[in-house]
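What follows are several structures.
Below, subunit A partners subunit B and then partners subunit C, in two separate complexes.
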Partner chain A sequence: MEEKKKGKKRKSTGGVLGFVRDFTYGMATHGMARHALKQRSSMEHLFILITMGDMLGIPILPPYYSLRLLPHVVPQITTWKRRMLREKDLMDSMY
Partner chain B sequence: MSLVDFFERYPNRRYLMYGGKGGLGKTTFSAATAYYLAKKGKRVLVFSVDPQASLSDIFERDIFGKGNVEIMENLFACEVDADKRVRDYQEEIRQKIISMYGMKKIPEEIEDYIRASSAEPAMEESAIFDAVVDIVVKGDFDYYIYDLVPLGHALYYLSMASIYDAWLEKITGLREQMKEYDKAIATMKREEDTEQDEIYNELMYIKDRIGSSSKIMTDTEKTAFFFVLTPEEMTIVDTEKAAQLFAKYKVPLSGYIVNRVINRELLKDNIPTYLKNRIEMQVGALEMIDTKFGSSVLSAVPEFDSEIKGLDVIRDLAEVMFEEKLS
Partner chain C sequence: MNSLWVLVWWVIIVIFGYWVYARWAAKRVFEIDEGRTTPAKMYMDGVDFMPANKNVLYGFQLNSIAGAAPIIGPIVAIQWGWVPALLWLGLGVFFIGWLHDFSSAMVSIRNDGDTFGALGYKLISPRARKILLTFIYFYLLLIATAFGHVITKGVSGNAALPFPLLVVIGVAFLVGHMIYKAKVNIITTTIIAIVLIFFSIWLGTVWTIKLSYTTVLVCVLIFGYFSSILPVWRFIQPYNYSSVYVVYFGIIAGVIGIIIGHKPMTLPAFTSWSIGMGPLWPLLFVTIACGAISGWHSLVSSTATSRQLESELDVRPVTAGAMFAEFTISIIAVIVCATAFADSAAYMAKVSNPVGIFVGGLGGAITSLGLPMSYTGALAGMMIIILALTIVNLVFRFMKVASAEVLGDAWSVAKNPHVATIVALVITFVLVKTGTWLYVWVLFGGANQLMASFALLLVTLFLVQKSKNYKIAIYPMFFMYATTVCALFYTSFFKLIPAAFAGKKVFGNLFAAAVAILLIILALVLAYDGWKAFKKYKSGAAEEAPAEAEKAPA
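Right after this comes the complex of A and B.
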C-alpha cells in the first residue's frame, strides 16, 4: 500500500529529501488511515446494531422503517453478526 | 357553538377525526359529516384503516382495499387494507435487495428478518399511519375525514412518533460522524470524493414521513379532533381521561359530540320502568357532561330507532347533527 501511494504522488521532487518526505508521509498516513477505517467499520456495526438489533434478539425499534434501511446493509450483515456474536474476553484486547 | 358554526369559523380545518371508545358511533359520525360536507359542494374523502372497518357496512358497499370509491357526488370512501400494505411493503424491500445486488434469492437470514418483522406489534400501526400520509399528501380533496382506529392505537403511535424522532436524531448523528470518517479516509488515501450515503438519504426520508404523519394528527391549523361519547358515566370518565392524554400529545381537541340520547319527552308517556330508568340515568349523565365539557359539546344526537346504514339514514342523521334540512 505504501509503495502504491508513493507511486501515485504528484510530481516527485526526487532526491533524498523527497524520498524521506514521501516515506514518512506514507508511514504516518497509512497508520492513520488504517485506524480510521477500523473506527469506521465499528461505527458501521454499531449502526446496524441500532437499526437491526432485533435480528440478534435485541428489539430496538419498530421495524417498519428500519426495513427500509435493510437493503443497504445486506452485504455487511454477515460480518456484523459474526462480530457481535463472537465471544470475547479481556485477554483478547491485551494481545 | 354548533357543528355548523365550527365548520364556518374554521374553514382551514381540513383533516377531521372522530375519536372515542369502540362502538360509540365514530364511523356513523364520520359518514354523516362526509355526507353533509359533500352536500355543501365540498370534495370529501372519508377513510378508515381499521381492519374491522365498517365504512363498507354503513355505505352498504364493499370498498375494502379498493382505493377511493365514489359513494355519491363529491363523496368518496376508502378502506385501507393494512395487512396487504405490510405484505406489499415487504415484497418491495425484497425486490430492492434482489435488484441492488443482483441476487437470485434473498439470503436466508435476511428473509427470516423480513418475515419476522410483520409479527412485530408496532408494524401495523406504522403501516397504517404511513398509509394515512400517502392518502393525505395527495391533497386532491377539500376534506379528509379520518375514521380513526381505537384511541389506544392513536396514542401509541403518537408516543412512538416522538421516540422515533429522538432515535432518528441519534442515528443520523452517527451517520454524519461516519461520513466524516469517510471523508478523512478519502483525503488520506487521496481518493476522489466519497459517494452519496444512501442510508443517510433513507433516514431523511423516514424522518420526513414520521414528521408528516404525526403532524396530521397534531396540526392546530388544519386538524380538528372530535370526541364521541354517550351519556353514561363510565364513558364520560374514560373520554375525559383520553382527552387529557390527547391534549398531552398536542392533538387539537375541537369538541365533543354526544350520541344515543333518548328523548326525554318519553317520560310523559306510559313507558316501561326499564326505559324510564335509562332515561333518568341519562339525565344525570348529561348533567355531568355539561359540567365537564360545557360549551365544547357541539352536538347531541338522539338514539335512532333503526341502525344507521345506507345513504337515506345517513342523511337523516346528518340533518340532526347539523340542524339543517338536506335535500
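Right after this comes the complex of A and C.
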C-alpha cells in the first residue's frame, strides 16, 4: 500500500508545480531511493543464492530446506536469475 | 556589449537544437517508437530496471551530469576571449553535445540496457572493454587531480569558506543519521539542513579560518577516503542531498541577478588565436568540456537512465534536455566571468583560481537581489566547492572499484578497498602537488572528450549495423577524436615535456605527460578496432559480429 502511495506521489500531475516537484525529487532524492532499493535487492538476492543456489548450479543448502523455502522465493526467481547471470562491470557500479 | 545579448544566442541554440534538430534526428535517424518496449519495462525488476517519470529522470540526469566542470571550463577558456567560448559552447552542444547524450541512451535502450563495457565488447572488439576500463581509471585520476586543485586553491584562498564547508560535512552525517537511523520525516530533515547550511555560510563570513594549501589538500583527500570507504547512505548520499539546495538557490539567484544587473561584458571578446596555454584549436575545445560535450554523460545515459526510461519518447526530453540545461549553466558562467573584471589583467591574475573568479562573478550578480557581497561571495564559493566535492567523493569510490576490476585478478591486494583508495589518494596528492594545474585541466578535458569520442564511435557502429544514417554521428566523432588526440599530444609534447626539461615541476609534468601519452595510445588502439568493426558492418557482416565476439576470450 505504501509503495502504491509513493508511486502515486511521484506521478506528474502536469503543470509547472508538478514539474517542479518531480524535478526536485529527481535532483535530490531519486538517486538515494534507487540506491536503497539496490541495497535491499542485493541482500535478498544473496539470500536466494544461498537457499536456491542449485538453480544456478551452486548447491549450498540441502534440497529439503530449499524446498521448504521455495514458495517464499518463487515471486523473485525470474528477477534474481536475470540479475545474477547478467554481465556486470565497472559502469554498473557507477550509477 | 550588454550581457543580455548572450541570452539571445542561448535562446537560438536551445530552440533550434532541442526543438528542431534533436526532434528531427530522434524521429528520422533513430526512429523512436512509442510502442517499442524499453528495457525498463521489459526487464522490470523494481531496482535497476524500473520505469520512472520523465520529469524525475530529468532531475536525476541533470544532477548526475552537472558538476563544477561546466562552470570552470568556460572560466578558464575566456583567456581566448568570450566569443570563441560562446561559439564553441553553442555549436558544440548543437551539433555534438545533445546528440552524444541522447544517442548513448538510445544505443543502450536498443541493446537491452547494456553498459558501454558490454557494448564495446559486442560492437567493437573483446579487448575494447579492458581498454575502456583502463582509460576510465586514468580519466578518473585526472578528474580527481583537476578538481582537487580547484577545491584546495579555492578554500585556502578564501577564509570565509572553511567553516561552512565543515558544517556541510557535519550536516551530511546528521541528515544520513536522521533519515536512515532516527527515521525523522524528510521534510523536517531538509528544513534543518537548509537552515544550518545557509546560516553557516553567513557565520563563515564572520568566523574566518585561514588554512594553507597543503592542509586543505590533505583534508580534501581525507574527505575522499571517507567517501570511498563509508557506506553510500552514511555520507555520500546525504551530502549530495543537502548540497543540492545550495546549488539550486545559487543558480536561480544567479540567473535573476544577471537579468536584473545586465552588466556589460568587460573582458575582450577575442584575444588571440594562440595564448600561453596553446592554440585555440584544439585546446579551447577540450578546455570547455562539459557544457558543450562531455564523455561523462554517456556513462550516465547508458547505465542508470537507459534502464529507467519508460518510453522512447522520453529519451529526448531527459537526455538532450539535461544537456541543454547544462549548456545554460555554462552560459551563466561565461556571463558572470566576462562581466566581473575591469580588464584582462585582473582576470589573468586569477585564472589559476576559478573559484576566486566565480566568487567575484556570481557573488557580484547575486548582489542585485539586495544581499551583501560578503554573503553572496561566500554563497557562490560554497556552490562551486560543493559541486567539485560531489565529484571528488564519487571519483575515489569509482577508482577503488576500477582498481579491483582491472588489477583484481592479478593482484588480490587491489581488491582491498582501503589499499585501492589509499593508492588513488596518494597518486592524486602527488599529481596535485607536483603538477601544473592548467595543463592537468586540459588533460582532464581531453580525456573527457575522448570518452565522448568512444561513445560516438559506439553510436556510429550501432547506426551502421542497423543500416541507419550514421553520418550524423561519424562526423562529430571524427572531429572529437582528432581534436582530443591533438590536444593531448600538443599538451604533452609541446608543454609538459619541455617544461620538465627546463626544470619546472619535473616529476609532475613528466607524470602528467605519461598519462596523456597512455591515453593517446589507448585511443588509437580503440580507433583501430573501431575502424575494423566499421568495415565489417559496412560490408554487411553485421549479424555475425556479436556471435564472434562471444566466442573470443574476454
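Basically, the second predicted complex is superposed on the first by the 57 of 95 C-alpha atoms of A that agree within 3 Å, B and C clash if a C-alpha of one lies under 4 Å from a C-alpha of the other, contacts with A are read in each partner's own complex, and residues count from 1 in each chain.
Heads up, the rule we're going with is that contacts are C-beta pairs under 8 Å (C-beta built on N, C-alpha and C of every residue); 3 or more make two chains touch, one makes a residue touch a chain.
Model, not experiment: these values are computed from the prediction.
S.K.: Is A:L85 in contact with subunit B, with subunit C, with both, or with neither (first, second, both, neither)?
M.R.: neither
S.K.: Would you check which partner chain A:M32 touches, where first means subunit B only, second means subunit C only, and both and neither mean what they say?
M.R.: A:M32 sits against subunit B and subunit C alike.
S.K.: For A:T51, is the partner it touches subunit B (first), subunit C (second), both, or none of the two (neither)?
M.R.: first
S.K.: Based on the superposed arrangement, let me know which partner A:D22 touches: subunit B (first), subunit C (second), both, or neither?
M.R.: In the superposed model, A:D22 contacts subunit C only, not subunit B.
S.K.: On the A-aligned overlay, A:Y64 touches which partner chain: subunit B = first, subunit C = second, or both, or neither?
M.R.: The answer is first: A:Y64 touches subunit B but not subunit C.
S.K.: Need the overlap of the two footprints on subunit A, from subunit B and from subunit C, as residue ranges.
M.R.: Residues 29, 32, 36-37, 39-40, which sit in both footprints.
S.K.: Help me check something: in the complex, which residues belonging to subunit B touch subunit A?
M.R.: The contact residues of subunit B facing subunit A are 89-90, 93, 96-97, 100-101, 107, 109-110, 113-114, 116-117, 120-123, 125-127, 130, 160, 163-164, 167, 170-171, 174-175, 177-178, 181-182, 184-185, 188-190, 198-199, 202-203, 205-206, 209-210.
S.K.: Quick one: in the complex, what on subunit A touches subunit B?
M.R.: 5, 8, 29, 32-33, 36-37, 39-40, 43-44, 46-47, 50-52, 54-55, 59, 61-65, 67-75, 77-78, 81
S.K.: Where on subunit C is subunit A touching in the complex?
M.R.: 43, 45-48, 50, 52-64, 115-118, 129, 133, 136, 186, 232-233, 237, 240-241, 244-245, 248, 299-300, 302-304, 394, 398, 401-402, 405
S.K.: Over in the complex, which subunit A residues touch subunit C? Could you list them?
M.R.: 10-12, 18-19, 22-32, 34-41, 79, 82-83, 87, 89-95
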